[in-house]
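Quick heads-up: structures coming right below.
First chain A sits with chain B, and in the next complex the same chain sits with chain C.
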Partner chain A sequence: MTLMTKFLGASAATALMAGAAFAEPALIYDLGGKFDKSFNEAAFNGAQRWVEETGGTYREIEMQSEAQREQALRRFADAGANPIITMGFGMADPLSSVAPDFPDTKFVVVDVTWLEGLDNVRQIGFAEHEGSYLVGMLAALASKTGTVSFIGGMDIPLIRHFGCGFAQGAKAANPDVKIIANMTGTTPDAWNDPVKGSELTKAQISQGSDVVFAAAGGTGVGVLQTAADSGILSIGVDSNQNHLHPGKVLTSMLKRVDNAVYDALKAGENVETGVFTFGLAEDGVGYALDENNASLITAEMKATVDAARDSIISGDTKVVSYYENDSCPAIDF
Partner chain B sequence: MDAYLTILQLLDSTVRLATPLLLACLAGLYSERAGIFDIGLEGKMLAAAFFSAAVAAVTGSVWVGLLAGIAASLVLSAIHGIASITFRGNQLISGVAINFLAAGLTVLVAQAWFRQGGRTPSLFGKGRFEPITLPFAESLQSVPIIGPLYYELISGHSILVYLAFAAVPFTWWLLFRTRFGLRLRAVGENPAAVDTAGVSVVGLRFAAVGICGVLCGIAGAYLSTALQAGFVKDMSAGRGFIALAALIFAKWRPWHALYATLLFGLFGALETRPDVIEAVIGMKVQGQLLSALPYIMTVIILAGFVGKAIPPRAGGEPYVKER
Partner chain C sequence: MEVMPKWAEVILVPLISLLLAAILSALVILAIGEDPIAAVKMMVTGALGSTYGWGYTLYYATNFMFTGLAVSVAFHARMFNIGGEGQAALGGLGVALACLYIPWPHWSLALVGAAVAGGLFGAAWAAIPAWLQARRGSHIVITTIMFNFIAASLLNYVLVNLLRPKGSQDPASARFVDTVNLPTLHDMLAPIGINFSKSGPANVSLLIAIAACVFVWFLIWRTRLGYEIRSFGNSESAARYAGIRPFKIIMVSMMISGALAGMMAINNVMGEAERLVMNSVEGAGFIGIAVALMGRSHPFGVFIAAILFGFLYQGGAELALWTSIPRELIVVIQALVILFTGALDNMVRMPLERIFLSLRNRKEG
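Coming up: the complex of A and B.
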């Protein structure tokens, strides 16, 4: 009986919401939090751009734990939010159980491309290895010691995917380059441990590295700080982090999550579903060039990297994805 | 010579990683020796890390920040004291509550205050503890063996590191060579005897919890204003719990606390240099094993395989004068 009441209540609520003039979209941030100066903040920026242009409103929530994911999805779907945009690979399992229950709601998920049989889900992936390849080239070109390094956050395939592209790019620019790679940890703590990020950076510096690429969420704050303090160059990730330490961050590997979120919000309920991958060709990934790092990137470096970019787009250069066979040709994690 | 330098860099990293553990471990030592279990070390460190960074960012003075961090930690200590000493509540539950309180409160206040998503603005200049170069460090650098040792390892840390190391002999002296120390230890073993002698059990326990608060405050400030240049949510990352493990490993003794935290710090430092481990033992060791080692060793000690760890006898029990 109570179950029946619940269903009735839920359907009544849905009906009421459906009757409203328009459905509000919803945005669910991943565990790193809305202002991580990186992945989630990019989503927030995309949503804000949409708000400024259209005057629309959207609902949002930050995940605090794994257990909240499915609950948040159901809540928003129950309340009639459409489309529901979610961030991060952790949303894959909750989505595959929630999406079939709400066939009329459109879901968008960033960083998930492998779900099957969900007609109402737009899955967005990025070719992070291609963007990382370019910053890897820049790192090797900027390095004076011939050693560059990578610091990942939590040791998951996605982060290895970043590191793998970076290593291939560095090797392409300088075949003799030495590449050091470390992961911060294997638990979600690894996204928020700047102290350990600093120690890893110092350890890599003592091994000769003078350009460090951090793909580590909040841990990256410590990496960039220590790199700036120690007088070496760093590379930011996801959002443009060049401004954090002007003149000391070589570049940032951009992942245009903001565009993905903006496009989804703009399309609204009619957002196209299916699997989409944005690479260099679609400007989904790239490297950041602005007034903060203009002095660090010479015209020669820019020309080399832009040539590589064109070559990847045309298919002449192939960047191996870590996902292809769970291993990397350029580096051993 | 290269190997020697690598060892020095490893030890240097060990010192930096061990310092917050050492401060928190000594904090726990005072509290637990007086019979108050404290699993809220983590929360106090986190709160202190936030408030010291926040106040240092606003005032531009790291010393004011340090005081603010200590004050924040003392407030949490006072809550723990009132709950577990005055109202005789369960010390473990109070400690857990403090951890949750600090984890949520820091991010909430940071967001309301700075609007940067639960972090503080980056600190610079006088807002940070800078490394101190000890006298003659530069000129002695060329002296073989001792020169690099002095320059790399002993010199070049923030003042809080030297303070933490000085706190070890001081704690030993205070606990084992003064009247206050004797009473503090007695209150953790047999509070009734102390009470009979006409000394306030409640007063002594509050004093111990207060010292614990000050030390946790320094530990937190060290994280956010010396090692880092600002606060990031959850930045204590379990160090309070490793400090507790170190306390058990040290069997509640100050000098052993130093050794235990240095050992745990060394594990942390080794984790950042997988190449060194591979070169020394000839095979790859997973970083996870090293981060789990402190806990594994503590369990082994607790299980009584390597000498028995016996906590202060009255630990965890509120003192009731009359029934």
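Coming up: the complex of A and C.
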């Protein structure tokens, strides 16, 4: 469909005419769906916060197929929606062909940072490996057996990126720690398979793990449940999941997608474009500490992790990203 | 003796089934507080009311034609091939390899080459369960569905570790070069003065799908092989007695089936995405089963049913875009159509047969 770019002029003109009448923002969720208890739901929560504060309205779509990515972008842009906020790395390729056709529409994309030459796109990335590093340290510090484990959703680079940060953090806190890593599956169902998550957790417990980190969307619900039932600790992801099993979830690796969406909606058509990466320094990622896990994190653990946090922000500690050379120094996938 | 006239069998039964599904869907939409008439209107105008809508409807229909034909061919030999999903995924890999690594001078040559590659990969993927069925008696339903998962894992491995361009976080292959981009319906119809929307992804592979329909009709009803497939499907013992080798029929029918499913990739991988993404088949392999059931395993029926399902997909997308009907409900509507046209076929057929029977009796008496 790159042929379409040839007809740039005509479609841009229609967009301009329609834009005057209709300037609601639009939000396009990724295939996981709006209520995935994690990534997309965080976006929805951010948008709802904006609605409650400003009384604004927005259009949204939960996609069902890959072909709808470009379709939804074009349809919303044609209708004059501005800005158009999209979720997930799958939007990178469709955006690179649609965004040039609508120079007056602002696009926001979460989890994409590598597109070049698009001045009307705000690309937002998160330093997931830094946040995972901190929860990895906490896991190793809390473990009594010296074995911690990781359960990923679908086996894609993004999830290896999480697991890699986790493994490096665990090794930093305890160089002798044993790390087990499993992926739930290879199809999109892996994002929403709590039963399989539960089975994997049991298998990891039988190998000695007593702290498990789930980066697996809806699958994580089963991981946290089984961990709580079996009396071991778990770590949630994306949103603060400490409240799911108070006193049994060690912490959660926070990825503030909600803030990213909220900020974009608040800025509206004037949203700043360019590439933005939110790490520990910007509070884009972090670990959750609240009344539900206060008894699990000792003052000593907190001091160690906070020192590591400062050291990462100052650049003294470097957490290797899986993306740098598609491999991880601390664990093999 | 035929109880019903042919026209009632072919037109009336599916039409009444559809109507029942539509009524039930309307009730569901009403129950969540939306207007069913407005919803239907939006689906019809969104899917069929513009060349933009047709572009998407026909794109989905092309996918379903290939997978529907795949299920049909195997079903004539009473092989229930539910592995279309995996065969189409492997076909995608074949198409992607052909497009990425062979420097084609022109899209038409690339199309032929990619179709052959996709077909070969799909056929090879179907050949293993077929062999297991023919030689070892492993049930084809079980093995083909398991091969769907193996295909997903294989594709995942290939995309994440081998085909993914360095530095990209998206588990997908690189974009194909521009010379292998297939002309869309817009490009094809512009020279003859028809201004077809340029945003619809329907492309030249629609014509290949239609040609495949004709090919399957010819194969099943006009060739010796088709005759053998049909007689084997109707009675294995009779076919054996007539000297037809079960091994050959199982292998050949499954491999043709797999090749048809694999060829779907020229539409979704080469025509639409122009690169191989992880989830490129998106359930078309399973929709193919519904399409074949609804089309009574006849190519013309498959053609019509595929367009109907294309309409449901594109109409559903429009509903998702402009109303607050959640996508789960759109899946419910699609499922109701499948349920009524496929699974609950006899619910309509039996009362209809009774009506026709009593009508005939009255005439004769």
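Just so we're on the same page, the second predicted complex is superposed on the first by the 311 of 333 C-alpha atoms of A that agree within 3 Å, B and C clash if a C-alpha of one lies under 4 Å from a C-alpha of the other, contacts with A are read in each partner's own complex, and residues count from 1 in each chain.
As a convention for this text, contacts are C-beta pairs under 8 Å (C-beta built on N, C-alpha and C of every residue); 3 or more make two chains touch, one makes a residue touch a chain.
Just so it is clear, the structure is predicted and the values come from calculations on it, not from any experiment.
Clashing of chain B with chain C is the outcome of superposition onto chain A.
Contacts of A:Leu244 after superposition: chain B is touched, whereas chain C is not reached. Of the two partner chains placed around the shared chain by superposition, neither chain B nor chain C is touched by A:Ala299.
Look at A:Leu158: by the touch rule set out above, it reaches chain C but stays clear of chain B. Once chain A of one complex is fitted onto chain A of the other, the partner contacts of A:Asn192 are limited to chain B, with no touch recorded for chain C. Within the superposed three-chain model, A:Ser206 lies in touch with chain B and out of touch with chain C [touch as defined at top].
Of the two partner chains, chain B and chain C are each touched by A:Gly33. Of the two partner chains placed by the overlay, only chain C lies in contact with A:Asp93; chain B stays clear of it. Taking chain A as the reference chain, the count of touched residues is higher for C when chain B and chain C are set side by side. Taking chain A as the common frame, chain B overlaps chain C at a single listed stretch, which among 24-32, 258-266 or 294-302 is 294-302.
Residue overlap on chain A between its contacts with chain B in one complex and with chain C in the other: 33, 186.
Touching chain A in their complex are the following residues of chain B: 5-6, 9, 13, 16-17, 20, 111, 116-119, 122, 223, 227-230, 232-235, 237-238, 268-269, 272-275, 287-288, 291. On chain C, the positions that touch chain A within their shared complex are 56, 59-60, 149, 152-153, 155-157, 160, 164, 166-172, 175, 178, 181, 183-184, 186-187, 198-199, 201, 268, 272-275, 277-280, 282, 313, 316-317, 320-321, 326-327, 330-331.
Remark: chain A residues 1-4, 7, 11, 31, 33, 59, 61-68, 70-72, 74-76, 89-90, 92-93, 111-112, 114, 154-158, 161, 186-188, 323, 326 touch chain C in the complex.
Chain A contributes residues 33-37, 41, 180, 182-183, 185-186, 189, 192-196, 198-200, 202-203, 206-207, 218, 221-222, 225, 229, 244 to its touches with chain B in the complex.
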